[in-house]
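The two complexes that follow have subunit A in common; it is paired with subunit B in the first and with subunit C in the second.
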Partner chain A sequence: MRKQYLSHGLIHLALLVVAVTTLFPFVWMLSTSLKDTALVFSYPPKLIPNPPTWVNYMDAWQETAMTRAMLNSMFIAITATAGNVVISSMVAYSFAKIDFRAKNALFLLILATIMVPYQVTLIPLFVVFKQFGWINTYYPLIVPALFGTASNVFLMRQYIMRIPDAYRDSAYIDGCGHIGIWWRIIMPMSIPMIVSIAVLMFMGKWNDFLGPMLYLSSPAKMTVPLVLRKFQTQYSTKWNMLMAASCIALAPVIILYMFSQKYIIGGIMLGGVKG
Partner chain B sequence: MQTMTGRTIGKALSVKRPKLRRHEELVGYLMASPTLIGILLFSVIPVFFSAFISFTSWNMMSPWEWVGLANYKTVFHAKMLSTIWTNTLKYIAIAIPGSIICGLLLALALNTPIRGVPLYRMAFFLPNITTTVAVCVVWTWLYDKNYGFLNNALSVFGIQPISWLSSRKWAMTSISIMSIWQAMGYDMIIIAAGLKSIDETYYEASRIDGASFYKQFARITLPMLTPTLFYLLVMHFIGFFQMFDAAFVMTSGGPGHSTTTIVMHIYNVAFTYFRMGEASSYAWILFAVVFVITIVQFLLQDRWVNYDA
Partner chain C sequence: MKRMLSLLLSLALILTLAAIPASAGDSPTIVKLLAISGNGGHDTIAKTFNETHSDIQIELDNTASSWEDASTKLITLIAANMPPDITTVSTSYYPQFAAQGLLLDITDFTEANLPEDEYYWSVIDGLRRDGRLYGLPISVYTLVNYYNKDMFAAAGVEPPSLDWKNTWTMEQWHDSGLKLSSGEGLNRIYGAFIEYQLERTATFLFPEGLDYWGEDLKPQFDDPSIREIHEYLYKMVHDEKIIPDSATTKTTSVTQMFADGKLAQMIVGTWSHPDIALSDIQYGVTPTPGGVSVGYVDVYIPVASTPHVEATLEVLKYLVGEEASTIKYQEYTWGPQINKAATQKNIDIMFAGLTPDEKQCIFDSLDNCKPLTVFDKWAEFLSASLLPASEMMSIGEYTVDEGFDQLQEEANDLLGY
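On to the complex of A and B.
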């Protein structure tokens, strides 16, 4: 018994050390963001800024036009995610619960596209979207998501397959069509999976860097990672302001993570597919 | 039972009322159509288009001129090809084993009956979901040669300041360390799921036989985890080969070209120099290599992956 306590203690100790190390970059970011310039470069470095200053946050917020960037990111992430989740669920329903001839072959085709690396389609899509006049608009970041994505269709299908066919059949006998069965019965029953997928997709869209960098050029349209990157190139050594900006950029993600942790981890465990 | 009712209804429909059966088919295709159209527009057609571009000398302004394999020849003779491959290989050689081993150790520690597992898990997974651009800015500050926390802390032990991001020797290693920090939480969760699926009776039986902890790990845990480890290996090879954000934000590919990865080079050739044909052939070479590696991994899995439940 005592031996067990000892080994538990050792595990806790090891885990605590790793946890502190893992979280340290965030702690240091917060600490630096609250320091004035003299304190930032003081040696030895101090963890707790005394007195703390909020001025970096106000400067960073103003300089990056963060309010606008947050709204932009929010708009892109929410529209893309909402559309994607609904459509992916519908497509997944058809593959899980309807018999049609080429079903298996088509599903394999969808799965195969997961393997196509994004840098292959990057250039042709850019060329096409440019032809459409979609440069410096949100369309390239949102429209492809509205068709449903292969990985999300796959995850939803796995989930819907586990819902007994009896639900579909009894609704069918009661005169409900497939659209009705999907929307009124299957959708509500797959809420946990939908939330998981939605949160992961939202985070992926919010954190996306390459896509917005390629397509968005005017400052008023930029997303949070873009303005942060721009800010970094302008003020590469103003560490306290940079840390304040990073803090602002990370806050929504961290808060969302705290509230939806269960769904995020559940979603990753179920499919092992991110974003 | 479940499938039977479904099938019976389907059969009944197809035999007795072909019209309804056709209707059923139609609804199926209709409901599946958005993603089918989507992959056609955004995956299948672009893949062929990309292959076509790689055989032209197109630069967004010029007319489309067919040049055959000229781009591929240029790429294979370019000095950059070996540079970007060496850089990328160096990155994955550190980041893949690093994140899997860290993830494995964390998952094992959290698989013990201790308190506070959800809290630890939350902490370890946090870096994985946070915006790469933002955490890269933070790490750039930690890595700063003169005032960064890391060198300050090391100076306590009398270690001279290291040029983490500004020397050819260290830059890629520093980025890899950041990537391990970001990826290990994900690996931890996947491995934890793998650990949960191992049947408890194996451990009970081995305890009765008097097996030590290390023996249990080597003979039960590790073999049973091989499918999980295989999955992570395949996913990481595909994912880490495409690293872009971290190197772009932390070093912009420098110093020199010491952290220019394949995808970053593709980005530069395409969107800085607008040599679309050349960039596309780089993309296809990368695609081919990743594809071959993935196939080889699947072929080799018989040798070490254990699928007995």
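On to the complex of A and C.
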């Protein structure tokens, strides 16, 4: 019994160390956002600034077009996420529940696209989008996501494969087609995985810097990561303002995560299990 | 199902509406300017230009915030055959774009439109490649030695003369640093600083007539005299701990250490001045030891494929002209400009906190500096070889011989020696 307590204690201690290590950068970011410039690198470092300087938040908001950037990022992230989830789940359903010729080969081909780094396709994609007249629009940041992404298709497929075929078969007998089965049976039963990939997709789009930097040029179209970089110039960084703006930018992601965290771990764990 | 379809249709409608271009009215010539954000003042410059020019309008793209980002974007735009008309780049990237024939030859235009009595031509001439000009300086920076006046007085150290021809030697700088250093561990006060980065340490090579590159760009990293100077600096970093290593300066910026009285003097670029000016300490400036600084020039480059050369050149002339230069001074975002009138008019707001003599010392550095030798593959050599090797020596993972052997080998490979 004592040995068990000791073992549990050690596990909790290890978890505590990991939790503190993970949380500390965030706490430090929050702390720096409340410091004036002189306090940012003061020695010895102060975790709790006294007095806290809330003005950084107002200045960060006013110095950049933060409201506009938040709305722009929100539009891109929500549109791309919604479309991606729908299409990825459709593709995943077809791979998980429909038999067709060369299914496995096609699935492997889709998975192979994960191996190609974004940087490799950067210039060819840019040329293609230029031909479409899509430069300095949100299309290049949204439309590719509407074709689904290999990693999301993979996770969804693994999850859907766990759903017994009997559901599909009985719906089929009741007159449902594949679209109906996907929408009425599979989607409601896949909520944990849908939430998981939606949150990951949203975070990816929300934090994307390279795409907007390359494709956008109008100040009115700036996204949050581009605005954040305004505080980090070639020759200096306004750390306290950058951290205040980062805290503001982080808020939507944290809120989203708070409401969906119970699905995320479960969803990914189940999706990772072989069906 | 209907709800699903209407959702998808709404999505398509939103996307379509988002892409509808603004209606075209009178169409002035659009000159696209790709600039880095933050440092620029280019927002104000573009706005001012656009208000006073109806036939030409500047379309500013300042989404990139570093030279690396701007270079990535420029390369992508060039590859897609839609380059901007003018871009801002650092000294490191200028040669490669010029060598690839991507830049407009502006030699004749510059010589005809930028009179010698109105512009600092010594800086402009520094951008010549085989006698031709492909860019104009945005701003010029030099290395100078900032020092904490109170710490010097407390330690009884007399700063050197402000005369670049009659300043400290490297040994005198070392001795002052030793005298100003004290304490141990986290309470260590460092007596001197120069980033152990070979672009910076060139300031100790130039007074001795040395350079990393010999005739026909033959790498000189195996030169014993160059290694000896770096052994001396290495000792100051790792044995005497007069200079903080990069592990220390990466966790606390040197300007902050300087502002906190943890660092008595530092050889840094004048680009650090806005940060230094925020500190509460009494600071001054002196020439770099040996009296030869390193000059860095950021550059406006006009792209050769611009479809409207005349408009581009007019914008380029405006960017280095008195009005735009004054904006850059007033927004306090760049160092000295090449426009003499703007520089003279704004001398009071430049280099805040320094005495007139000290300001003059900075201006004199322009006549006492040597530009870095940069070549077509410089940016590649800098990021793949020079910076990593400098970092490894700075944290003590490499000895000077290990670092310089590696640099010699990589430079030989790159340049075909």
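Definition applied: the second predicted complex is superposed on the first by the 228 of 275 C-alpha atoms of A that agree within 3 Å, B and C clash if a C-alpha of one lies under 4 Å from a C-alpha of the other, contacts with A are read in each partner's own complex, and residues count from 1 in each chain.
Keep this in mind: contacts are C-beta pairs under 8 Å (C-beta built on N, C-alpha and C of every residue); 3 or more make two chains touch, one makes a residue touch a chain.
Being a predicted model, the structure only gives us computed values, none of them experimental.
S.K.: Looking at A:L109, would you say it contacts subunit B, subunit C, both, or neither? Reply first, second, both or neither.
M.R.: In the superposed model, A:L109 contacts subunit B only, not subunit C.
S.K.: Quick one: classify A:M203 as touching subunit B (first), subunit C (second), both or neither.
M.R.: first
S.K.: After superposition on the shared chain, which partner residues are touched by A:G177: those of subunit B (first), subunit C (second), both, or neither?
M.R.: So A:G177 only meets subunit B here.
S.K.: Between subunit B (first) and subunit C (second), which, if any, makes contact with A:I135: first, second, both or neither?
M.R.: second
S.K.: For A:S88, using the defined touch cut-off, is the partner it touches subunit B, subunit C, both, or neither? Pick first, second, both or neither.
M.R.: First partner only.
S.K.: Of subunit B and subunit C, which one touches more of subunit A's residues?
M.R.: Counting residues of subunit A touched by each partner, the higher count goes to B.
S.K.: For A:Y257, using the defined touch cut-off, is the partner it touches subunit B, subunit C, both, or neither? Pick first, second, both or neither.
M.R.: After superposition on chain A, A:Y257 lies in contact with subunit B alone.
S.K.: Report for A:Q158: first if it touches subunit B alone, second if subunit C alone, otherwise both or neither.
M.R.: In the superposition, A:Q158 contacts neither subunit B nor subunit C.
S.K.: After superposition on the shared chain, which partner residues are touched by A:T53: those of subunit B (first), subunit C (second), both, or neither?
M.R.: neither
S.K.: In the superposed arrangement, does A:L122 touch subunit B (first), subunit C (second), both or neither?
M.R.: both
S.K.: Return the residues of subunit A at which the contacts from subunit B and from subunit C coincide.
M.R.: Residues common to the subunit A contacts of subunit C and of subunit B are 40-41, 43-44, 122-123, 126-127, 179, 210, 214, 229, 232, listed in rising order.
S.K.: Show me the residue ranges of subunit B that touch subunit A in the complex, using the header's touch definition.
M.R.: Touching subunit A: residues 2-3, 5-6, 9-10, 24-25, 27-32, 34-39, 41-47, 49-50, 53, 60, 106, 109-110, 112, 114, 116, 120-127, 129-135, 137-142, 144, 147, 149, 152, 181, 185-186, 189-190, 192-193, 231, 235, 238, 241-242, 244-245, 248-249, 262-263, 266-267, 270-271, 276, 279-280, 283-284, 286-287, 290-291, 294 of subunit B.
S.K.: Across the complex, what residues on subunit A touch subunit C?
M.R.: By the definition above, subunit A touches subunit C via 37-38, 40-44, 79, 82-83, 86, 122-123, 126-127, 130, 134-135, 137-139, 142-143, 179-180, 183, 210, 212-214, 216-219, 222, 226, 229-236.
S.K.: Taking the touch rule as given, give the residues of subunit A at its contact with subunit B in the complex, in rising order.
M.R.: So the residues of subunit A in touch with subunit B come to 8, 11-12, 14-15, 18-19, 22-23, 25-26, 28-29, 32, 40-41, 43-45, 87-88, 90-91, 93-95, 97-101, 103, 106, 109-110, 113, 115-128, 144, 146-150, 153, 164-166, 168-169, 172, 177-179, 182, 203, 206-207, 209-210, 214, 224-225, 228-229, 232, 239, 242-243, 245-246, 249-250, 253-254, 257-258, 261, 264-265, 268-269, 272, 274.
S.K.: Could you pull out which subunit C residues touch subunit A in their complex?
M.R.: For this pair, the touching residues of subunit C are 1, 4, 7-8, 11, 14-15, 18-19, 32, 36-39, 43, 59-67, 69, 72-73, 75-77, 79-82, 90, 186, 252-253, 256-257, 259-260, 262, 269, 271-272, 274-275, 278-280.
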